[in-house]
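In the two complexes that follow, chain A is the common piece, with chain B as its partner first and chain C second.
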Partner chain A sequence: MTDLFLGLTQEIISGIALGSIYALIALGFTMIFKATEVVNFAQGELMMVGAYVNFFFVTTFLSAAGTPTAWTFLVALGGSMIFSVLFGYILDFIINRPLKDEPIFSVIMATLSLAIIIRAVVAIIAGPISLMPFSPFGDSAISFGTIIVSVLDLSIIGSAIGLVIIFYYIFHYTRWGIAMQATSEDPIAAQLMGIPIKRVYALVWIFSAVVATLSGILLAPRIALLDTTMGFLGLKAFPAAVLGGFGSIPGAIVGGVILGVIETVSMGTLSFHFQWIKEINDIIAWIVLIAVLMIKPDGLFGVEKVKKV
Partner chain B sequence: MKRVVGTLIIIGLLAVGCVKRAPAPGVTDTEVLIGNVQDLSGPLKELGAIIPSGSNMYFQYINDQGGVHGRSIKMLIEDHQYNPQKAVAATKKLVEKDQVFCLFQILGTSPCEAIRPILSETGTPLIAPATNSGTMSDLSREAGDLIFHTDTGYDRQGEILVDYILNQNSDAKIGIVYQDDDYGENVLVGIARAEEEHEITVQKESYQRGAIDFKGQTMNLLKGGCTDVIIAGIVREPVTVMKTAEAMNYKPNFFGTGPTVDARVGKLAGSAGEGFTATYWANMWNSDAPGPILYRELCEKYDIPEPYIGLYHYYGFATAQLLVEGLERAGRNPTRKSLVRGLETFKNWDVGSFPPITYNRNDHAGVDKVQLVQMQNGEQVVITDWLE
Partner chain C sequence: MLKVVGVETYYGKVKALHGVSLEVKEGQLVTILGANGAGKTTILKTISGLVEPENGTIHFNDIRIDRKDPEDIVAMGISHVPEWRRIFPELTVYENLLMGGFLIKEKDLLRDRMEEAYRHFPVLRQRQKQRAGTLSGGEQQMLAISRALMLKPQLLLLDEPSLGLSPLLVQDIFATIKELHRSGVTILLVEQNVNHALKIADYGYVLTTGKIFLSGTYEDLLDEEKVREQYLGEGKYTRRADLWGG
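Presenting the complex of A and B:
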């Protein structure tokens, strides 16, 4: 019995770490959706670019400094953040702005093409060989009795919680956040009220690129090999965003964590005791998603939108 | 008289026609065109770049010496992104539009399975498909007579590993973590045979391609008390499973099939990967066999970039040697049929790259044994003879 309990606890903790990764990506989806009602299908690719850029900075500083120190990683992190701000701004400029008055569908299609273009360009620049990313925490882990959590996982969980709190605050309690919400509700009315919606859009894309870069940096060492297929993880985070309620910031983290825990526990304890679970492992997350949407069509934290006719 | 002369002229013309046959597709006086479909932009794009590069190095070496029967070899490469449908389209283009002489080294089990109908319709041979799947040498399948496989099947590899483990420790409890697709299924075929033979049960844990977390599976192996774990993965999976196990203080002996012999597995897994043992069906690229020695010479001669040099690049080189020998044996005026006939004359063919290879009408399997390669102090060391 204690075995079962310990096993489950370990799996749930691992699931929370895995879910936090999904949550970080889902957070990026949510931000852009919240302010522009656009689903950015290139979110996973933004994350991949962030991981590559950070790898570039880390290796450059490493070859300059010789041995890796905390400073190497911090300076690289700073460099990557500056890059992501510029990258987000440029994306807003070339994708979002020219399509501002087009149907939202066109913008979504543009993000799909953006994903393909980013993958191709990164593959051309970085070449076909996968990279071996460095983890600032090495392989260090903390153990509580028999339960083990790696420091990298803890930092992922911590960043997910931290970012959600920060962005929740920004969106709900600052002038810019409220401006973003207003823009999403009705861009024309928002503009008439004096909200600089161009700047609002730029800010949202920058936020989203920053979150994506940060998640890329944290995720890269966890997947052992860095290549352009990392972007496909974005597709796994998409159901997390839907489950939590698309457009809800706490929803992104709750949805991500639920999916992460389901994935780990069903692959682990559940399929150990019930063989048939193994057969449905890959669809179990989708079954939960459909079940939740049947009861709450707007997701767990989604707000039901009523439009006046 | 007129009639006799006329008949003689017709016979004469026919005879000339027979001698001067229409050339086979892809063959000119100066060139043989070979088609290859690789993953250039999908999940295996790394192999898609490295493997054909090894082959091109050997083709260049042969071309520099005057080619095969005076013809230089030229290889066209198309992209399938590891997607069977795209593999079909790319193969059609190579066979119908580019008119290649034969196909070579197409990457991946599913793409190779998908193009079987094109092979049988056009009679185009496929030499050395770059997959370990045992189905490639199954002559009863469509186009089986046109495919010449080099690698030991995944099923054989699984079987040999179980034999080896039980030989070392007859009380071993074996577990396997496998990729839930054609690759994993083929390994399980061998595992099932071994289970029957040794009357044991192997604990099976699966994962989806692209998975990044293996805590659940590793926990289960620990709970099941597995002393020996076989990982039928590629690179990321064995690394993550071994690191996860190390963090849990769970220390079984780890083994791997097929692609896990990649040197990066040990490098990435660090201390957790020490002792990891993988199956390999060719001579090691850095060994002292004649094939690897020539390989390293050519790498130096043609200035191959350092990240390319290694196991997969060598594999491209070694399979190219096999193709070139096949083209030699296909004769001065090769046809697709004469290529097949030429390959079927291989009897313990051995240039020191693969173990001796024999092909005949009833056997297109190539190598059927493996040696075990173990990580020791961060280096890959061959620890066994060839196991059958």
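Presenting the complex of A and C:
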């Protein structure tokens, strides 16, 4: 019994770490959707590009400096952040501006194509081999009594919490953050206040690319091999967002965490007791998605479907 | 102050304004009257830059503004209170006012303006932390007007402020508008509520299907009993769906 409890606790913590990544992906995705109504199927690819770029910076600085220090990782992180700001800005220009008021179908086709193009371009630049990303924390772990938690997982959870607090602060307590909310609610009224909505949209895409890059950097060391299929994980933003309530930012975060826990526990304890769960583990997120749509389509934080009067 | 000459505005291929000319002088309260679909809202949207006119010119203080973006026009001193108020329902009353003052960079000035709004409408102070969507229709209209006044505009555009309000609140709103005018704000008021609007206005334009049909003072226009019946559609007023969205 205590073994079961210990195992479950450990899996839940690990699931929260995985779920934090899902939450960040869903956060970036929902920010764009709320502000611009663009459904961005390339969100996972933004994350994947972020992971690659960070890997590139880390290895470059390593080969220059020799041994890895905290600085290597920090400077690489800074480089990746600068890259993601530029990347988000460019995407606003090539995706958001031309597509903003197009029918939803065109938008979905365009972002799906973007995802495929990004995967191809990364594969061409980086070559076909999988990379082996490494963590600044190595394999170190902390034990709380009999529960052992990897420092990497703790760093993921801590960074995600930090990011969510920063974003909460920006959205609710800064002029530009409130202007983003206002623009999401009613872009025409926002324009009448003198809010430059094009700049707001650019800012939203930049934020979204920054979150995606950070989640890629956090996730990369947690998966054994880094290759372009990492982008597919971005699709988990959908079950996460639907579970929490599509279009709700708190919903995206909570939905992401819950999804991570469900996946980890079903992969661990549950599949130990019920062999067949192993077979369906890959699709559990999608079963959750369909179940939520059938039982409670508005999700946990159900926002009203009607957006504008 | 504001000079609109021969403006023609289209929605796609549909022509909504067929060469509209009008003028607002400093200190005046000018009203545009007309039935549903006459193009009143389109005139205001064209002035504030939400839609661009195909032909014609708009000058504000002798500066041409008809090719400028809405944010630049607001910055020049024209604030527009849109039809159906369009407050930000999920934001608090305080945040709505803050957005009204988005262009104000100095914190002290922003605080003063906010204080002024609260002094003017104490109910907004009481509800400053409430989501604006929870306010009553009348309170929302006060918020919409206060939000537009945060920038101390030289010209205030009001689009049917009495829309959807009870007769008692309509009285209040018109009293507020009159008071604003008296305190020195130049106002261009769009209304279907002919009697109320003409009573407080210095000058009125009557619009029918995108053209100015008549213009004059209160006395001039009230004399035209038949005109009112025929072209203002008085008594046939029906609420209509908001046409802004598309």
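Please note the rule applied: the second predicted complex is superposed on the first by the 273 of 309 C-alpha atoms of A that agree within 3 Å, B and C clash if a C-alpha of one lies under 4 Å from a C-alpha of the other, contacts with A are read in each partner's own complex, and residues count from 1 in each chain.
As a convention for this text, a residue touches a chain if its C-beta (ideal position, glycine included) is under 8 Å from a C-beta of that chain, and two chains touch if they have at least 3 such contacts.
The model shown is predicted, which means the values in this text are computed figures rather than measured ones.
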Fit or clash between chain C and chain B when superposed on chain A:
fit
Once chain A of both complexes is superposed, is A:N281 in touch with chain B (first), chain C (second), both, or neither?
first
Should A:R175 be classified as contacting the first partner (chain B), the second (chain C), both, or neither?
second
Which partner chains sit in contact with A:Q191 here, chain B, chain C, both or neither? Use first/second/both/neither.
second
Vertex at chain A, arms to chain B and chain C: angle between C-alpha centres to the nearest 10°?
140
Touching A:T269 in the superposition: chain B (first), chain C (second), both, neither?
first
Does chain C touch more residues of chain A than chain B does, or is it the other way round?
B
Check the superposed model and tell me the shortest C-alpha distance between chain B and chain C, rounded to whole Å.
38
Touching residues (chain side chain A, partner chain B) in the complex
3, 7, 10-11, 14, 18, 21, 119-120, 123, 127-130, 132, 139, 141, 148, 150, 222-225, 227-229, 232-233, 263-269, 271-272, 278, 281-282
Help me check something: in the complex, which residues belonging to chain B touch chain A?
40-43, 45-46, 48-50, 180, 205-208, 210, 212-213, 215-217, 219-220, 223-224, 235-236, 239-240, 243, 246-249, 264, 267-268, 270, 272, 307-308
Of all residues in chain C, those that touch chain A in their complex
48-50, 69-71, 74-75, 79-80, 82, 84, 86-91, 95, 98-100, 102-103, 147-148, 151, 242, 244-245
Chain C contact footprint on chain A (complex, rising order):
175, 178-179, 181-182, 185-186, 188-196, 308-309
